[in-house]
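In what comes next, chain A is part of two complexes: it sits with chain B in the first one and with chain C in the second one.
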Partner chain A sequence: MDLSRIDRRYIYLVIAIAIAVPLLLKVQLPVSVGPEVQKVYDEIDSLQSRDCVMISFDFEASSVAEIKPVAEAVIRHAFEKNLRIVGLALFSEGTAIGYNIISSLAEEYGKKYGEDYIYLGFRPQYVSAILGMGENIDQVYPLDYLNDDWKDFPPFSDVENYHDISLVVSIADGSLPTYWVEYAGSRYGQKIAAGITAVMATSYYPYTASGQLVGIIGGLKGAAEYENLLGYTGGGHRGMLAQSSGHLAIIALVILANVAALRKKR
Partner chain B sequence: MLSKKIPIAVCFLFGLFGLVQYFSPHPAAVSAYSTVLDWVQIIFAFTLLVGVVSLLQIQLKHVSRKEKYWGYSIVTIVGILVMAVFGFAGGTERGTAFMWVFDNMQVPMQSTVFAMLAFFVATAAYRGFRLRNVEAGILLAAAIIIMLGRIPIGEMISARIPETAEWILNVPSMSAKRAVLIGIGLGSITTALRVILGIERSYLGRN
Partner chain C sequence: MTELGTLIALILTLMVFSFLYKENPIYRFAEYLLVGISVGYYLVIICRNTIYPLVIEKLFIHGEYLVIVPVCLGLLMFARLNKRWAYLSRLPLSLMIGFGAGISIPAMLQARILKQMSASMQSLATINGIIILIGIISTITYFYFSKRQEGMFGKVTRLGTYFLMVFFGATFGYTVMSRISLLIGRFEFILRDALRVIS
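This part shows the complex of A and B:
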């Protein structure tokens, strides 16, 4: 049997087992916290009670499984610190998902809409939305997601533009954090952190090294690290075993393919 | 001729305005800038509408001509109309029909497609990651270290693995990425200048 030209369906089967079976097990792997996640945590932790953070849900439905634990960890931290949250979405699909995440966690923490958080919803054309909020958020979002005039909520009536936002966290599965850096960071000096899918993490390392991003929370591993810092077990930890076995399966397959190719050559 | 001259003139004026206002804190410049940003969003909202209408027209044409896979066009048309009706009639909040369809159909379907990436990555790695020469060997070693470094088991094997993975991301990978980013930046500036000065006219179409 020529293993170097194995039927791809066997590879699919190996990957399916490697990922699906660990999801059924309740094994917790120890996760140590990396510097990038620590930076985001420290930044949020250094904020004062009632400071305002903006959380932008810049992802599509396809990446919910990976990105939701990241969003949950950040929102939990913000609620625990009693920060005010301004939620919004620059991808249309992230709008409803973001609202669901933020409102369900608000219920858990006993936080009230209009007092502890608001949700502005979606605006098309993210570049002009990001730039516009630098001048006046009210102009970009005259009404919130629930069609209320959010300026009528006293805790948020003083929020005019980025000057009143201590930190923007872009929860994204694509290049949106880059736009936040280029337009909100460079032009208005806004501090920005990113929660991103693991596959995008390498793209953002130059931005953290230059200080343009406070830090990054990369995929399930990043979420698990953040959960560690907050002292709870969430979606990040639950996915760690599956991710580990998935990676190990791919490594094993690559080694097997190379050994088979080498033997065939001889 | 005017069909070309007017867009080029508009492009020049707004391009120049964008460039100048960046350095001007004058209230008039700030106000004009805010207005232009509003215009951009309004224009973009209309392009979304144009996109939906265009998509519907194309799909309806497929159905009326019974072209290949026309059944999929019916699914697309029904999907657009049903979601629009649900959204406008019942809203998009939690507990509405719109959100039920979104949560129980769109999210699982898109997640499924995205999850298939794992299988394609695995087969591509199996067939493509071959130790053919030194360069391929370096790439292979880096990939294995990164994959191990991004999971807790890597650290359980050796604390050096995540450290090395972090080094690969922070030094060689970042250098290459920065070179690409600088290239993109310079390319963007050049293209922007070409558009503003009317040298680059491909956005006007062929005629």
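This part shows the complex of A and C:
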């Protein structure tokens, strides 16, 4: 049998089985926590009750499956610590998704809009938005996502700029955390953490090593690690067995492809 | 309503997955639908969250007439649509380029080069720090093209390629992980939300 001529649809089928079957099994793999995720957890955990964290939903709809468990884990932690959350989006598609995530979790934790969290919505031109918020958030976002004047909410009326924000968490599927580092971190000394898709992780390790990012939560695995620290089972944990079996299937296919290539050479 | 949304999402997911069998009109319909909806959604968000609070409200409710200046500059961008007036769009463009360069060059220099250089030199007391420094020097050396890569210089550049390969391997591994995560998300949707096979 010539392995190099195998129909690609068989490969898709193998991957589909490798993903679907583990999801049907209620088995969970142990997850060890890496230092990057631990740093983000420790940073949020060290904040005082009613401190303000800014969570920026900087992703597009196509990444929701991977990024939503990350966002949920961070927001759960913030609500459990009774922190005030300022939500916003610098990618248009993340706007409604971010609002849905934050408001549904707020309902679960009994948190109220305007008291425990606000959602500012979307602004285009992220560089201008990030820089502008360093001077005055109200200038960049005069109204919130619901078109209310968010300064009228007493718990948030003292939030003027990054001085009043203890930590910015950029939940992103692209290069937005880099802009947060460059414009909010370098210029205003703002502490920044990133929740990112796994594909972006290698790009951000140098920023954690240099201390420009507090830490990173990378993809579904990062979410599972964070869920481990919080002691609950969420989207990250649920996907770990399927993730591992999918990886094993791909490793097997890579080996098979190399064997086929070697046989062909001879 | 939720049920209907789930049904539409399931149908669209299957329409996109049909591409795995072969390219077909059903897949293309789903693709065009995504593009159209994305653009429509973007326009609505821009109007509702940006043009209304930052232009309409400031101008007509708060009487902040200075807003007219950026609005006019923005409108000048549309001058490109007419050959005769196209030169007018150079004014907002030059402002954007000037602002962009002025803001980004020092910020990038600080965050991507100086801070990174400083971090790579501080950790020389550890084995990891030494490996990082060797990696940086050998990789940068590989991209020095004014000298033939042979002898001792060639050995250093060869070492640089090994570091690059490790980076490419790690990036590829993370990419696979990322794509598998997206597939898990869709399968979870099909099995849990649509078919209710898993809880």
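Here is the rule we use: the second predicted complex is superposed on the first by the 266 of 266 C-alpha atoms of A that agree within 3 Å, B and C clash if a C-alpha of one lies under 4 Å from a C-alpha of the other, contacts with A are read in each partner's own complex, and residues count from 1 in each chain.
Definition applied: a contact is a pair of C-beta atoms (placed from the backbone, for glycine too) under 8 Å apart; a residue touches a chain by one contact, two chains touch by 3 or more.
On a predicted model such as this, the values are computed, not experimentally measured, just so you know.
*Asks:* On the A-aligned overlay, A:143 touches which partner chain: chain B = first, chain C = second, or both, or neither?
*Replies:* second
*Asks:* Look at A:20 in the shared chain and tell me whether it touches chain B only, chain C only, both, or neither; answer first, second, both or neither.
*Replies:* After superposition on chain A, A:20 lies in contact with chain C alone.
*Asks:* In the superposed arrangement, does A:87 touch chain B (first), chain C (second), both or neither?
*Replies:* neither
*Asks:* Going by the contact rule set out at the top, does A:29 touch chain B (first), chain C (second), both, or neither?
*Replies:* first
*Asks:* Who does A:215 touch here: chain B (first), chain C (second), both, or neither?
*Replies:* So A:215 meets neither chain B nor chain C here.
*Asks:* After lining up the shared chain so the two structures overlap, which partner does A:103 touch, if you call chain B first and chain C second: first, second, both or neither?
*Replies:* First partner only, chain B.
*Asks:* Scan A:185 for contacts with chain B and chain C and give back first, second, both or neither.
*Replies:* After superposing on A, A:185 lies in contact with chain C but is clear of chain B.
*Asks:* One more residue to check, A:242. First (chain B), second (chain C), both or neither?
*Replies:* Once the two structures are laid over each other on A, A:242 reaches chain C alone.
*Asks:* Is A:177 touching anything from chain B or chain C once the two structures are fitted on A? First, second, both or neither.
*Replies:* neither
*Asks:* Under the contact definition given at the top, report the residues of chain A touching chain B in one complex and chain C in the other.
*Replies:* 12, 15-16, 19, 61-65, 93, 95, 123-124, 127, 131, 187, 198, 201-202, 206, 209, 219, 221, 243, 246-247, 250
*Asks:* Which of the residues in chain A come into contact with chain B in the complex?
*Replies:* On the chain A side, the touching residues are 6, 8, 11-12, 14-16, 19, 29-32, 34-35, 60-65, 93, 95-97, 99-100, 103, 123-125, 127-129, 131-132, 135-136, 139-140, 146, 187, 198, 201-203, 205-206, 209, 219, 221, 240, 243-244, 246-251, 253-254, 256-258, 261-262.
*Asks:* Taking the complex as given, what residues does chain A use to touch chain C?
*Replies:* Spelled out, the residues of chain A in touch with chain C are 9, 12, 15-16, 19-20, 23-24, 61-66, 68, 92-93, 95, 121-124, 127, 131, 141-143, 145, 147, 178, 181-183, 185-187, 197-202, 206, 209-212, 218-221, 235, 238-239, 242-243, 246-247, 250.
*Asks:* Which of the residues in chain C come into contact with chain A in the complex?
*Replies:* Listed in rising order, the residues are 20-21, 38, 41-42, 45-46, 48-50, 52-54, 57-58, 100, 103-104, 107-108, 110-112, 115-116, 118-120, 123, 132, 167, 170-171, 174-189, 191, 197-198.
*Asks:* For the complex, which residues does chain B have touching chain A?
*Replies:* 22, 30, 33-34, 37-38, 40-41, 44-45, 48, 92-94, 99, 102-103, 106-107, 110-111, 113-115, 118-119, 121-123, 125-127, 129-131, 140, 143-144, 147-148, 150-153, 155-156, 162, 166, 169-170, 173-174, 177-178, 181
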